[in-house]
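Common to both upcoming complexes is subunit A, partnered first by subunit B, then by subunit C.
Presenting the complex of A and B:
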């Protein structure tokens, strides 16, 4: 702290204010550039992070049954067959699906819950730990409760079965899904009742989820099941990861090209600045030298000037990007990541997730480069004799 | 005549008993029925004491007549009965060993590699003086073990399939399979012979051995 020369700092401040037009222009360009780069990195790292955390909650392997090339139901007897495979640590038949609530034009996300089986979804497991779901009860999210309330369903809800008959279930509890936007339409129903709603037979389910204790064995078990059940589609967590990654890498490629263009533009501006000082600036340095400043004093003042401009711009740009991405939810630029079900930004919620390394990268690419581009030409002029400069 | 009828009756009884007893494989019981039964027992039917009943059917009847469990579906009642009969009543428990935990500083004393990167392969020698050494695979563990086999309290590793900690003296090992550890060819450990055999066929193993059969030359041959 004691090394800061406040007289020189004041000189630098006054210098910036004296050349207002030029410096304001630099600050605007600099700020926008940092804001753009920060936005790109914020969106991409946040989406990637969220994607990974969602994958974390997926079961290791999902087995779906296909009939005539179309998705069909799977029998519960298959669970026992799959449990016989070594390395499979658990397997459950899941019953879930969409239910059209036509009155409100909404699509409810019904998930079947067995009262005694372990829940593979951690959110649902936590919910059921505290509350028991009885056979004739349903648990609904706040959002669904409001929807049902609009149709005057407060205590119970009538599901329409495929044969046209009604099934009345009590709305026992509503829960808050917090920032997990994708669970907004969730309704928990007893598994057997849900089979009735969907028109499944008693032993039918939507798919089978498996857990594998040793992740090294995942690919092998996946192929083993695929060979065992020729009609089934077997998706492992690794497959999902690869699919997501491919899409994500494509998007990142788009981002990267924007990034390169932006960086290039910045360097052109820097090059222009580094190439020489205006005669007015040269004369100013010459006068300073004539007044008795040493070379290091001139550079000191120039350093302060460049540091103030670049750091201020960086900070404002960072703040702008932060607000744009995490408060405004990245309109327009975020749309690059729109892929129907996979990365729906509106569905993603963009929780604040910053990766320090990227921020450091942007900082190092902009601030020190700008400072160098200011110092080097000043130093060139400052080393000359005062009379030579002012001539 | 009386003796004959007695014989007939007893066979009939036995037959009824056999058919009444649900027949599932061990894998299904371990992975599905016992956890389900345990949940039911803890959530709904903890009032039943399995030690009070002498036969399985008596236990089943008791469950069917119990005030809390009466309404349960048959599949739940069956799971509960099996869990109580085979897990709770029999006090003999499988020996469980604590998980082998390594820190970010621990290195394998044979190859010098950091262990936290390969948690699935971490194995341990525990000496009687309390000293514990960790290795990134059984091959390195055995190399060390054959140099210094004295005063050893226990040798532990993870079962390949279930990832639970097992003692090497009860384990079975598959050599020459197509599964590689951090140090290349490995001995892959299993808690029972059946899973070792399944692995042997699935992953083209060359040999199944138990702890006593492992020799120094066998371990060093894996490096070739």
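Presenting the complex of A and C:
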């Protein structure tokens, strides 16, 4: 602390205020650029992080049945066939799908569970560990509970089956999905009851999820299944990763373009600043030299001035981006990451996930660069004879 | 105390501001350099202050070759030994009177109490203490000059250099300035005034008058 010269700091602060029009302009541009860059990085890193963590919860391979080029149900007998393949450690028929709750204009995400089967989704597994789902019960998320409540369904819900008949199930429990926004339409239903709701036969399901013991064999086993079931669509976790990555890289490319434009704009300002001082600024440095300031004293004061402006702008820009992305959920800019089929940013919670390397990169590209752009022309003037500067 | 030995100063455009000047100023002397605008008077002050370096020759103050001092030491020398009153005052118009007066001391990072004490003393000495908090641009010409004089004296310098100090003042204020000079001389300061104001030419307090013309001593 003893190295801080508060008189020079005060002088720098006064200098900024004395040239407030110019400095307000710089602060606004600087802040907006930092906010823009931070927004790009916050959104892209958070989406990437969330994508990766979601992929972690996916089964290794998913087998779906196609008939006449359309997605169809898959028979439970297929599970035994798949388990015969060497390397497949487990396989389970899944029953799930969307249910249109037309009264509230909502689409519920129905997932069938069997109390005797192991759950692959850790969230559902944890929920069922503590609570038993009976045959005629459903567990609904808080969000779904509120929707049902609006339609006066508090204790039970009537599902309309494809034949038009009603199936009444009790709302036995509601659960909080926390920050897993993509689970907010979730309804857990007994597997057999869900088959009834969807009009499936007793041995039919939506798809088969399976696990592979050796992850290196994933591609090989995927090929084996594809050869065994020519009508099926076999998707491995790696396929999903590639699809996610492709989309992410495309979106990041858009972001990169914006990043380059922003940096370019910033450097134009910096270039202009580094290219010289106004005659008034030069004269002031001359006066300081004339009254006995050394070159390092002038640079010391200029450093404070540049630091105050750049750090303040960086901090405010960072804060604005943080609020925009993590509080307001990145409206407009975040829409770049909207893809209905694979992932949709609106279902992303955009949890705070900061990559410090990126923040450091933005800091290093802005604050020290601005400080240098302030110091260099001041140093040029301060090293001249004071007499020459004041003339 | 101050010696200029064969000093010449040529500016970039081959303008010969001074040619072979030899001068000596003794301690406590008040010397008036007179001459028309552009004669080279201000250049002599600039060289003594270490604000610029001679093209040839030496400027020696208290045995130190000022003209050979690196910039770093020239600034320290100026801060510790020289008080300058410029023709256009060279104050920072948007700072207060106190801030302008304390400007030379900012880099020293002295305790706040000591700074305030120095400012109060010097502002009182030059009768500008009642304007201590006023922004300089709101002062009259005479008041601004008092601030400039107070700033020149903040570090109790041995040498006071005044460049056309009365050029922007009316006669009354010019006479007031001369009284201030007399007071500073009574504190054994060496004072060099560059001026073409006739008010200075018949003053008792002036020890010597040196005429400069076309960069040469007459």
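Note that the second predicted complex is superposed on the first by the 388 of 391 C-alpha atoms of A that agree within 3 Å, B and C clash if a C-alpha of one lies under 4 Å from a C-alpha of the other, contacts with A are read in each partner's own complex, and residues count from 1 in each chain.
Basically, a contact is a pair of C-beta atoms (placed from the backbone, for glycine too) under 8 Å apart; a residue touches a chain by one contact, two chains touch by 3 or more.
The shown structure was predicted, so the numbers you read here are calculated from the model rather than taken from an experiment.
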Label the relationship between subunit B and subunit C on subunit A in the superposed model as either fit or clash. fit
Given the touch rule stated above, what does A:116 touch, subunit B (first), subunit C (second), both, or neither? first
Give one of first, second, both or neither to describe whether A:390 is in contact with subunit B, with subunit C, with both, or with none. second
Between subunit B (first) and subunit C (second), which, if any, makes contact with A:53: first, second, both or neither? neither
Touching partner for A:265 - first (subunit B), second (subunit C), both, neither: neither
Rounded to a multiple of 10, tell me what angle the C-alpha centres of subunit B and subunit C make at the one for subunit A, in degrees. 130
Mind working out whether A:297 is in touch with subunit B, subunit C, both or neither, as first, second, both or neither? second
Tell me which partner A:87 touches in the superposition: subunit B (first), subunit C (second), both or neither. first
In the superposed model, which partner reaches more residues of subunit A, subunit B or subunit C? C
Quote the smallest CA-to-CA distance from subunit B to subunit C in the superposed model, rounded to whole Å. 51
Subunit A positions touched by subunit B in one structure and by subunit C in the second: none
Can you name the residues of subunit A that touch subunit C in the complex? 5-8, 11, 14, 18, 284, 286-297, 300-301, 383, 385-388, 390
Which residues of subunit A touch subunit B once you look at their complex with the stated criterion? 79-80, 83-84, 86-91, 115-118, 132, 213-217, 220, 224
Using the touch definition up top, name the residues of subunit C that touch subunit A in the complex. 46, 49, 51-53, 71-72, 75-76, 78-80, 82, 84, 86, 90-92, 94-95, 99, 102-107, 109, 115, 151, 155
Quick one: which bits of subunit B touch subunit A in the complex? Just the residue numbers, please. 24-25, 27-28, 31-32, 35-36, 39-40, 43-44, 76, 79, 120, 160-163, 179, 195, 198-199, 202-203
